[in-house]
Amino acid sequence: MAYNGAKGIQYIKNMGHVDSVFPRQVISSIEAHTILGHVRYSTTGSSSAVNAQPLVAHSFDQTGIALAHNGNLTNTRRLHHKLLQEGQIFHTTSDTEILLTYLFRFRNQGLINAIKKTMEIVEGAYAAVIMDQEQLVAFRDPRGFRPLVIGKLGEAFVFASETAALDTVGATFLREVEPGEIVAVGPDGLKSTFGQSRSGRSLCIFEYVYFARPDSVIGGRSVYIVRKTVGSLLAGRISAKLDMVIPSPDSGVSAAIGLAETLKLPLEWAVHRNPYLGRTFIEPTQAERDLAVRLKFNPIKVLVKDKRVAIVDDSLVRGTTVRVLTALLRSAGAAEVHLCIASPPYKYPCYYGIDIPVASELAALDTNFDRLAVTIGASSLTFAEPEDLYRAVGNDNHAFCTACFSGIYPGDLAE
Amino acid sequence: MAYNGAKGIQYIKNMGHVDSVFPRQVISSIEAHTILGHVRYSTTGSSSAVNAQPLVAHSFDQTGIALAHNGNLTNTRRLHHKLLQEGQIFHTTSDTEILLTYLFRFRNQGLINAIKKTMEIVEGAYAAVIMDQEQLVAFRDPRGFRPLVIGKLGEAFVFASETAALDTVGATFLREVEPGEIVAVGPDGLKSTFGQSRSGRSLCIFEYVYFARPDSVIGGRSVYIVRKTVGSLLAGRISAKLDMVIPSPDSGVSAAIGLAETLKLPLEWAVHRNPYLGRTFIEPTQAERDLAVRLKFNPIKVLVKDKRVAIVDDSLVRGTTVRVLTALLRSAGAAEVHLCIASPPYKYPCYYGIDIPVASELAALDTNFDRLAVTIGASSLTFAEPEDLYRAVGNDNHAFCTACFSGIYPGDLAE
Amino acid sequence: MAYNGAKGIQYIKNMGHVDSVFPRQVISSIEAHTILGHVRYSTTGSSSAVNAQPLVAHSFDQTGIALAHNGNLTNTRRLHHKLLQEGQIFHTTSDTEILLTYLFRFRNQGLINAIKKTMEIVEGAYAAVIMDQEQLVAFRDPRGFRPLVIGKLGEAFVFASETAALDTVGATFLREVEPGEIVAVGPDGLKSTFGQSRSGRSLCIFEYVYFARPDSVIGGRSVYIVRKTVGSLLAGRISAKLDMVIPSPDSGVSAAIGLAETLKLPLEWAVHRNPYLGRTFIEPTQAERDLAVRLKFNPIKVLVKDKRVAIVDDSLVRGTTVRVLTALLRSAGAAEVHLCIASPPYKYPCYYGIDIPVASELAALDTNFDRLAVTIGASSLTFAEPEDLYRAVGNDNHAFCTACFSGIYPGDLAE
Amino acid sequence: MAYNGAKGIQYIKNMGHVDSVFPRQVISSIEAHTILGHVRYSTTGSSSAVNAQPLVAHSFDQTGIALAHNGNLTNTRRLHHKLLQEGQIFHTTSDTEILLTYLFRFRNQGLINAIKKTMEIVEGAYAAVIMDQEQLVAFRDPRGFRPLVIGKLGEAFVFASETAALDTVGATFLREVEPGEIVAVGPDGLKSTFGQSRSGRSLCIFEYVYFARPDSVIGGRSVYIVRKTVGSLLAGRISAKLDMVIPSPDSGVSAAIGLAETLKLPLEWAVHRNPYLGRTFIEPTQAERDLAVRLKFNPIKVLVKDKRVAIVDDSLVRGTTVRVLTALLRSAGAAEVHLCIASPPYKYPCYYGIDIPVASELAALDTNFDRLAVTIGASSLTFAEPEDLYRAVGNDNHAFCTACFSGIYPGDLAE
């Protein structure tokens, strides 16, 4: 968290849960008119808070800028190389530090001009918020890969990745920051300008499938309803006779409701998830991994015994969880376990900010779905088709980046 | 956790999450043939681990006994007074220390005899496990208020409050410990004896309603199915026209599925619960309390706007959560919010181990349910009738303690 | 820490440093008229705060007593056995719990009578402070093995083991609690009574040698001056030619000053102790133990090279530190290293509260001091004689317990 | 700590004690051939580990350099400004980041050339150690303001600020890194080169007075003996009649021994320091500050009552501690308290790395020492003269920076 108060821009960063990094007494002692926060699930074992956002750059007169960024640049290597040649040093290898470097270099021309100039240099996905001593400015890349919304809370403006965050703090949703738009908060309210001629929208379609919270609204569409709609459309693709539909807790709930409703089948909450257990830790042995998952999920035997069940999840990336759920349901006595995935096969890597495994770990690389079903232990495996997803999001598929499903990447990929 | 190894009975106790009190490296360094564990949600701000179970009593030759106890004695005051007269000192005011004192006094006659003698003295609810240097013994009070099950994991026997705990560690369910039964684990397997003539079963019916995990089986009945059945039976008691059924996440899920299925109404997961937030902390001001709840729950507006919705929960004790959910759904645009409770009104205090507020805080004390609905902010309020619950558990209501709903307490209440 | 305020006797206990167990904000939120604190270096790996003092015993009406105790009872086993026969359970094996049990049993006769009755039963060493709802009372065993002093801070009375503690909080020293005396704090000030006919004073002489802080005054004698005097008297017992006197930091400082002054030799602070390192941890290998000590102590080579040095310490118990200091001084180039111990050989176990190793670990068991010097690596080894110590404390040796040096135990040792 | 192992340069940084930042199990899991560590007492309330050294700069191919630096550059502002103009961003305002930036810019020419080029640009004080994938190199500014020594431990080379650090890890002292010298560790041992024509030595004389540990040797002179010598020379400057000499614990010990020896007066350890208390925290009120100091120091009354005492300290900067010690000794009954400072008055600010208060907080700004003595509460105040210190360090005062005492700054001060 970086904040701008009487002493200029200061920050508090650490690894850990939000409530331990920012204890109530610390939070309540901060006096600031502008605050920038960032939270991220650390995927690597990095042993330092240095990489945590917001990144802050200081000038020698104690002024500075602070930047929070969601997304991934695609010309990182070229820019990194160029800046190194110019003598720039880097404390991280993150692309956010590159974004920060250009913004800082141009900052004397004013933040808005600095953002415009930077947008001409960097490529890829960025939904970002920056502040200096004077101003808070939000901006989004010309294709709008990652979402960014504006809310109002009393007299204050709030920027966030999702509308659910606005609801949480009690802010009213105003509108989205448009692709390529630069929105500055000033004494007279918001001031909008555009950084570059737009080159076509490319909102990440995987936000609807997986990332966003179901209670968020993106591009005017409810994430919950998109997921439920894909679940309904899945109904027409399943040939197996089924006795009930079971959601994968909790990622498959919306789609399972859609599927059960359309198939007129009972929906049963047949796998209990222990809410006190976190993610499945990387345990050293297979026996320990099995135990970790068994500690987390437990099927209700009497419901599934001798039944033909569909288990529904939102997506299939590595396939770890569904593999386990399938095995648990079978050992609980299910006669058949049909796996239904409410999105197309995830087959291509993302360069715009989804932290997804390298290609070789993707379950859907095996395009023979019958064989894949056997590998997973399922009686059958059904994916949604791309058109199901396009239909659910409004039949406007050219407005989305669908690269992870289609392999069609928008724009130039200069890596 | 108390364990019996080469150095006799030792223990590790502290306040905090299981994984911080028992780190992996500590757990894996323990060598013991018998282990007793206990976990409890601390309801009071007690600043010491002294009250944590298992309680351990030592003899001067380093032998001892360790006891874990679920339930509440009803003649605590009389026994406490008697023991104090005899010179006994107490480090806690818990009834478990009374149970421990008698068991320790009689331990030289062997654990089984000590338990039998103690059962003649103490009254009330106790499902307990005790160990000394030699033996592990489980026992249950003659009315069987609180559940206690036996499982097998390889060659080892496992005792637990619920079958879900057996599933979690991969143990197979063998059977329940019977009311009044004493089950000792010995070299030749289990040895069973009975402590007292039974005076009629009185299993706590609130275990089905609220306490137990939905994936547990008690008395041969699935908790999930009992709750879903009550939800189905509620259908006949609701007169309002409804557009959809919404579960209170996650306590109302089973009943909401039953209700929606019977009413042939859409079930919608219309209130999102933030899984990263714990219980609603006691915040100093009403504004902070509101914020705390808004941080935790968020309705999906597009689903409920202008709709007549039923929100389903398992029980109504204080009514805090449903009050908030009702308000959130209304401000999200719901036309009507009908509150459906899948159990009868909770009206009478429990003396057998349910940690429930004093009578004056019980919402259902107001027997005018129309007025209570107004207080809560609901369009209507429907409770299950006691016979719905009796039907769901098998029409065998004399086998249960229903005191909290009926006011009929089993046995003598010597307080 | 136990305190007596509006809610009766409450307590906070934990393992750890004082400032982490009692953070400033916790301390400042306590409202109480009487507070009992206790701090002890935990010598065993006990994994719980249960054993921490003050011990608190509760009655069922929420009243209780709290007890802090310094010393050791000598008839523990007999009393423990007797109480067990009577049905008493114990949560610890400490003798403080026995003291608490009797005080609690008799408490209805008033605290002062309860103490008197308890004093007739227990034997050994106890300097203790007890409080109930009404009163704070200090008492000391009839022989006065362990010290206990009274101070005044404004209108409040303060009891402590040492006068240094009174200085620290700014209290004025009033007087000592006499052997066998019971001192109650009441509305009219202190009220004194005696519990038993005195059987002769036996103040632990090792308090002067090792336990007490040098800035404390016990029995009217400055601990610093007692130690310095023994150092001076050592001068006449050393036959070796010496170039300088070096204190063992910091335990040998007072005696080294006395020795150097009398011998008219330079005193040099030739061994630096790293103040940032705590005690020498029990390291798994000898190489790690050596490293741990080298991290803590460092000799100043230029001072000791080719010199005949005396290294002075207050006592020789296990001999670990002097063994290391001797080796470090030799490897720093000292020609001779003469070890001078400012107390007689510690040869006999203590039953009155000194936590000292079993006999077999005592260095001075080897009564051939020439051979012991070789074992330790010293050029010679000189102990003070008992009469040096008696002279230093005022030639009144029948007023002290000298058992650890003389083997003469005061009173009956009923073990 | 940065280390160079199989995965290139990695680091672990955090705020806190060494043993909590680097737990034993973490340390023992590191496999590296080169390690760079840095520890510093954090003087500011910085809320992040970002500023902690070693600083690490990464290249995009995952190679990098790590730098640990002791001292202060004097042309920081000019260089900072110049680099900002060139587009460089800074995450800190420390001069170490400037040093790192130039070293990184030139690193492709090899570390030794990069250091030489950087030495032509930066001015001021730097004793530093740098490593890249290949090499470990130590270097020291041409005037040698701050010390840097080389040791050998088995086959490994060790660089440290002080010889005491070599002793601690069991390394043998080889020699100092010379002013202006660059020492690279290579497969054939050390390789030395010089970066710049030397402009005269200027070793910080305050290292002898205050910074270094007494068991260190700098420039061939024992720090302990330098301090003791100044104490001896102080003897001729004191006119008061004295009964005893008391060291300020522990900073005045060496000088007090020298003074007492020369004056043939008793040395008494008359102020006890509580080893369990850390530095005097900045407490909100004067009453709390008094309590904090009283908790830390306690005079031995019987020693000082009615006596004329000298209290000796190494230096007088702010004067906080001696002010308190003087008051404590007076209230313990001392007839006169004469304050003796074993260094000249500290009057001028340091630009080479001593973290000393701004001029207005320096006690010795008041050049009327009689008046200053009154302010401090002392009966008299005696400083060493500069020539005492020069004599103690070998009468070679042109080899030292004496700016803080003399106001004569070596070299150009380009700020």
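The chains carry the letters A, B, C and D, assigned in the order they are written, with residues numbered from 1 in each.
Please note the rule applied: a contact is a pair of C-beta atoms (placed from the backbone, for glycine too) under 8 Å apart; a residue touches a chain by one contact, two chains touch by 3 or more.
Because the structure is a prediction, the values reported are computed rather than measured.
The chains that touch subunit A as well as subunit B do not exist here; no chain meets both. Farthest from subunit A in terms of Cα centroid separation is C. Separating the CA-averaged centres of subunit B and subunit D is a span of 62 Å.
Subunit A and subunit D have CA centres that are 49 Å apart. In subunit B, no residue touches two or more other chains. If each chain is drawn as a node and touching chains are joined, the picture is one closed loop, every chain linked to exactly two others.
Subunit C makes touch with subunit B in their complex at residues 10-14, 47-50, 55-60, 62, 76-77, 80-81, 84, 86-93, 100-101, 104-105. Residue ranges of subunit D in contact with subunit C, taken from their complex: 164, 167-170, 213-215, 217, 222, 224-225, 250, 253-254, 257, 261, 266-269, 272, 274-275, 291, 294-295, 298-300, 302-303.
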